[in-house]
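Okay, so subunit A shows up in both of these, paired with subunit B first and subunit C after.
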Partner chain A sequence: MPVHVPSTTAGVEDVVAVLVLLTEFAMLRGPLLRSQVRLYAFQSLAVSVLAVVVAATRHLADIYALAGLSFVLKVVIVPAVMTRLLRDVDVDLAGSSKLGVASSMLVALAVSVFGFFAVGSLHVHSSLLPSTTLAVASAVVLVAFVLIVLRSDVVSQAMGFFSLENGVSIAGLVIAAGLPLVVETTFLFDLLVAVVAFGIIIRVHHGRSRTLSTDELDRLRG
Partner chain B sequence: MTPGFAVVAPKAVQALQVLTIVVGAPLVSGVISHVEARLQGRRGPRILQPYYDLAKLFRKETLVTDESSWVFLAAPVVAFSCYLIVPLLIPVLTTYPLPLGYMGDILGGGFVLALGGFSVALAAAESGAPYAQLGASRAMTFGALVEPTILFVVFVVGLITSTDLPYALAGTVRSSSEIVRPGHVLAAVAFFLVVLVDTGRIPVETHTGTLELGMIDEARTLEHSGPALALLQWGSAMKQLVLYTILINVFVAPFGLSSNGAPGSVVGAIGALLGKAVLLGLVFAVIDNLFAKLRLYKIPEFLAAAFGIAVLAVVVFYVGPA
Partner chain C sequence: MAALLVVLLAFPFAVGVVSYLVPVRVSKVLAPVSGAVAFALSIALVPAVLTHGHITAGSELRVDSLSVVFLIATSFLYLATAIFSAGYLHLDSGPAGARYGRRFYAGLNVFCWAMLAAPLVSGLALLWVAIEVTTVVSALLVAIDDTETATEAAWKYVLIASMGLGISLLATIVLYYAGTSVFGAGYDLSYAKMLAAGHHLPPEVLRLAFVLAVLGYGTKMGLVPVHTWLPDAHSEAPTPVSALLSGALLATSFYAILRYYQITAAAIGSVFPRNVLLVFGLASLLLAALYLLRQRDIKRMLAYSSIEHMGVLAIGVSFGVTLAFIGVLLHVLAHAAAKGTAFFGAGSVVRKFGTKDMALVRGGVGALPWSGSMLVAAVLALSAMPPFGLFRSEFLIVSGGLSDPRYAVAAVLVVLVTLAFVGLGWSTTQTMLTTGPADAALAAAPHATPHTPHAPHAPHAPHAAVVSSRVRKGEVSPWIVLAMALGIAALVLLGVHLPADLSRLLDHAAHELRTP
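Up next is the complex of A and B:
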């Protein structure tokens, strides 16, 4: 098997993307809601760093602006809002996962292998497309889905959704770095809308049922 | 390379590799426990305290229970000599392989390390003391669970270099264009977690506690005393430095090593290694202060996470886009 050797730039992008994936795994494992939020902040920081790397290596000035914007929004504001909400609801532990820790890790592992395999079987070979980073990004998205599916509390699901956006951001950054800033910013504002929506869900749900568990919602069936 | 400079003979460098580990190990342990104490707001022991401890223990007498056989006394010596052998196999000071460097590959080094652990466990079982046996049994159980992770990390080394020689992987990392690859990073992270387990650090074990029920590695040496205990403590410090060296000089940062055997560069390499090991030790000390110890039955989950990362590292090579 001839071993492909990435350039240093692609290598740095890969490493940051892998860090994001590892954070996603850690979020799947983290038992405390606060640790989920902290991990999300770290993950977003890695994505911002990736944006800076992309901007520096491809000489795209507006990506710097995007990196700054995503830092302010995803590393500072969103975690701050979530922490504030968590302080109000006074619940520490994340809802129990439907599977044990080891099993959910295995599921996440299988799912991310599928992500790698799927991107690998596309057979897209282009010097412009860092397909390894793309594969990692797709794995991040899939593991975020696992997090959303397996965890049964609103906050974990919200964090899963936000980190899914992080995975999409990575893919967007490496595939279409030249995309107009307006489009990229729109994604970020989508996130902001999601934060508001999840904030309202957390407040209302906790206000009605004194818990964050989504198992309560099953009883609403008619 | 300038012609006509003095070169340290490869065999002398090799001896220096072992000597660096032997002499430097207590120093690294001392710095770590000092920093750890400072982080907790204590004054902490002197940095050279491990040397004083060893000197004190060597002056004392060894007590052996009536029931113990020669295994009890031989084990510390066997373990110590195992930790003397491993530095011959790994790049401690040089980028080029030394005469005995190809005597064994990464698996060979792993086997020698495992033999050291095995002999200590055997001595603990031989002592007949319940806590020592408890520790030995736990150490063997978790050791068996760590093994698959190490194997997959070795597979990654094999996939990157087409060999399983530590020198080859370090060379790959040094040629900077190949330094960062997802599989490599994942393998390094998995090995980091393995080091955390094997050196008895916080998510797995508190190494400063005195409560026998929470002990794993520490409990095994409870029955030893005098020079035998000194050898065991020195050996575990050496094992720690050997693992740090593998993580640093093979996976993460094989820089500052001597590439030509010039006396200055060899001395520089000794300083660089100890400096890097202390830096890594600081990371471990910070982790010690940030996290709580896992319950004993949660440790397999931690090891499963490490294994998962190692598997992912191999998978990235096989099914990921080339």
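Up next is the complex of A and C:
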């Protein structure tokens, strides 16, 4: 097998992508809801940095605009909305995970290794695009799924979904950077609308049951 | 012609915004008007796409025969649901009722707008955006009743559907990546362009994109095993929303899958995408048929019937022959009419008897002579009985399947559809065609309600008598009857005498799907 030496750019992109993945693991571990939101903000910051890197190295001017927009929305507005929600509902602890910290870490590790190698084995790469970043992005998506499945409170589940979107964003930045700006912008505004909808339903749920736990949500069966 | 597309895109949204601002009695009129305009415009597009093949407006809007089929299905249901809502909503006269009405009508119109936008746009990325907007708006509509179960259903719906759409966003990006090998780094991701690229696209990447798309959009379409939000959302949403979710939203997601099917089939041949759809389709049909046998909640029953029909659609595409494609597209139209009508009937029953539990409802047709009978007819239509449209469409699908070397699948399809018919038919006839409160003597002595000793829910029969005895004969609202009559008329028209232009439209669209 020929040894493939990544360029500096690809290296930087991979480092940022791995940082996003590590943040995802930290979110899985974090016991406080506020820390989830902070970690999400940090993760979004990493994604925005990745956008700047992609814009600089591939000379795509409109990606700078995207990076700015993604910073404003995902690092400032979304965390602000969620923090305000948490202040209003006055709940600090995330719902207990269905598995212990160690077990959920192991599950997430196994899942991300699976995602990394499954996508790696597809040989989705070309001369200008690094294939490892796509593999890391799919690992982020899969760990986000683990987070959503294992956590039993609505805020953690919502944050899990938003971070899933971060994972998809990395994939989008690295393998579809040329996607027209209009479309990328629409994706982001769509996320904003989704955040509002999640927020409304979380409020309604809290208003009815005085809790953020999903344990109450088990009436509909069959 | 291009102007038609712009009006179709702009009008329902404008009505949605206006509905939030004006009093509810104005919205009650505006919504059916908007539905009628959308339906008329969709019909007006038919001759144009038949002569020109496709119509474009700018670079973002493009319709061909396939899109028009879905536009007709959605706009018809928009019209019928708007009429039904006028009779179904009972609002308090206070400010809370007015607020509910404003939110409901704004949501209803914007929801329909997003579902109409999906087949209108040419870009696959914008298609994703339109479908994501349908999720957000309809999740809020599911939660609008503000009960514990509605909140639960809305949460499951918004979370699971958004996760599915995350997957389909990944599919969009992977497909975009596939195109970069042909079009270079920056281009517009439109389905027409991807179809033209054909077999120049890298096969491995396309396989990945297709599977992700089926998994992602399949979540919203209700394919097993990613269907779990569907029965909850359909049963807890206000009935007009349930009808739209089932008849139009699932079809819209199916439209997205069909576009990915087209592109994948053009690039790597149809064997792989057909096999993927076959697996999902069979799983959906099997699970739905089994669940239908033991449903007591009338709206959940109809929800599982939707999963069944989505399974039929997926299997129909997996046959891959023109005849089956025509059947599939006719099935989309007929299912919209039949499921809408059935949900309207269920809404009428729920309003009348105050319960969704079919074990507690007896003598439905006696109490609701018009909407009750039409509910029975709609359920028969859903079971693919002649003379309704679904009979014709399932017949075409099965005939297409029998011409395939894998005709065993067609046989399994027939068996499972029959099983579903038993479940649907048994529950409905037990509920609707039994004697009930309409008999004066029984109304006087409720506990004497006769029930066969083998009745499946015999322990609940006394309650059934109690609930039913409080019910008087008479329709809930003439608007409900009108909406249902529209649906039944459409079903009979599709089944007995398919209009010539519509038949040509289905033919055209089926051939678009057949592109090698």
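Basically, the second predicted complex is superposed on the first by the 215 of 222 C-alpha atoms of A that agree within 3 Å, B and C clash if a C-alpha of one lies under 4 Å from a C-alpha of the other, contacts with A are read in each partner's own complex, and residues count from 1 in each chain.
Following the convention adopted for this analysis, a residue touches a chain if its C-beta (ideal position, glycine included) is under 8 Å from a C-beta of that chain, and two chains touch if they have at least 3 such contacts.
Here the structure is a predicted model, which means the values were calculated and not measured.
In the three-chain model built by superposing on subunit A, subunit B fits alongside subunit C with no clash.
Remark: in the superposition on chain A the angle formed at subunit A by the CA centres of subunit B and subunit C amounts to 160 degrees, rounded in steps of 10.
In the overlay built on the shared chain, the residue A:L109 is in contact with subunit B alone; subunit C does not reach it.
Using the contact criterion defined above for the overlaid structures, shared-chain residue A:A61 touches neither subunit B nor subunit C, since it reaches no partner. By the touch criterion defined above, A:R219 reaches subunit C but does not reach subunit B.
If you count the residues of subunit A touched by subunit B and by subunit C, you find the higher number for C. By the touch criterion stated above, A:V12 is placed in contact with subunit B alone, subunit C being left untouched. For the pair subunit B and subunit C, the least inter-chain C-alpha distance in the overlaid model is 15 Å.
Once the two complexes are overlaid on chain A, the subunit A residues touched by subunit B in the first and by subunit C in the second are 122, 124.
Considering their complex, residues 1-8, 11-12, 14-15, 17-19, 22, 25, 29, 101-102, 105-106, 108-109, 112-113, 116-117, 119-120, 122, 124, 131-132, 134-136 of subunit A touch subunit B.
Residues 123, 125-126, 129, 132-133, 135-136, 139-140, 143, 146, 148-149, 151-156, 158-159, 162-163, 166-167, 169-170, 173-174, 176-177, 180-181, 184-189, 204-205, 208, 231-232, 235-236, 291, 294-295, 300 of subunit C are the ones that touch subunit A when the two sit in their complex. Subunit A contributes residues 58, 60, 122-124, 126, 128-129, 138, 141, 145, 148, 154, 157-158, 161, 164-165, 168, 171-172, 175-180, 183, 186-187, 190, 193-194, 196-198, 200-201, 204-205, 208-209, 214, 216-220, 222 to its touches with subunit C in the complex. Taken together, the subunit B residues at the contact with subunit A in this complex read 159-160, 162, 176-182, 185-186, 189, 300-301, 304-305, 308-309, 311-312, 315-316, 319-322.
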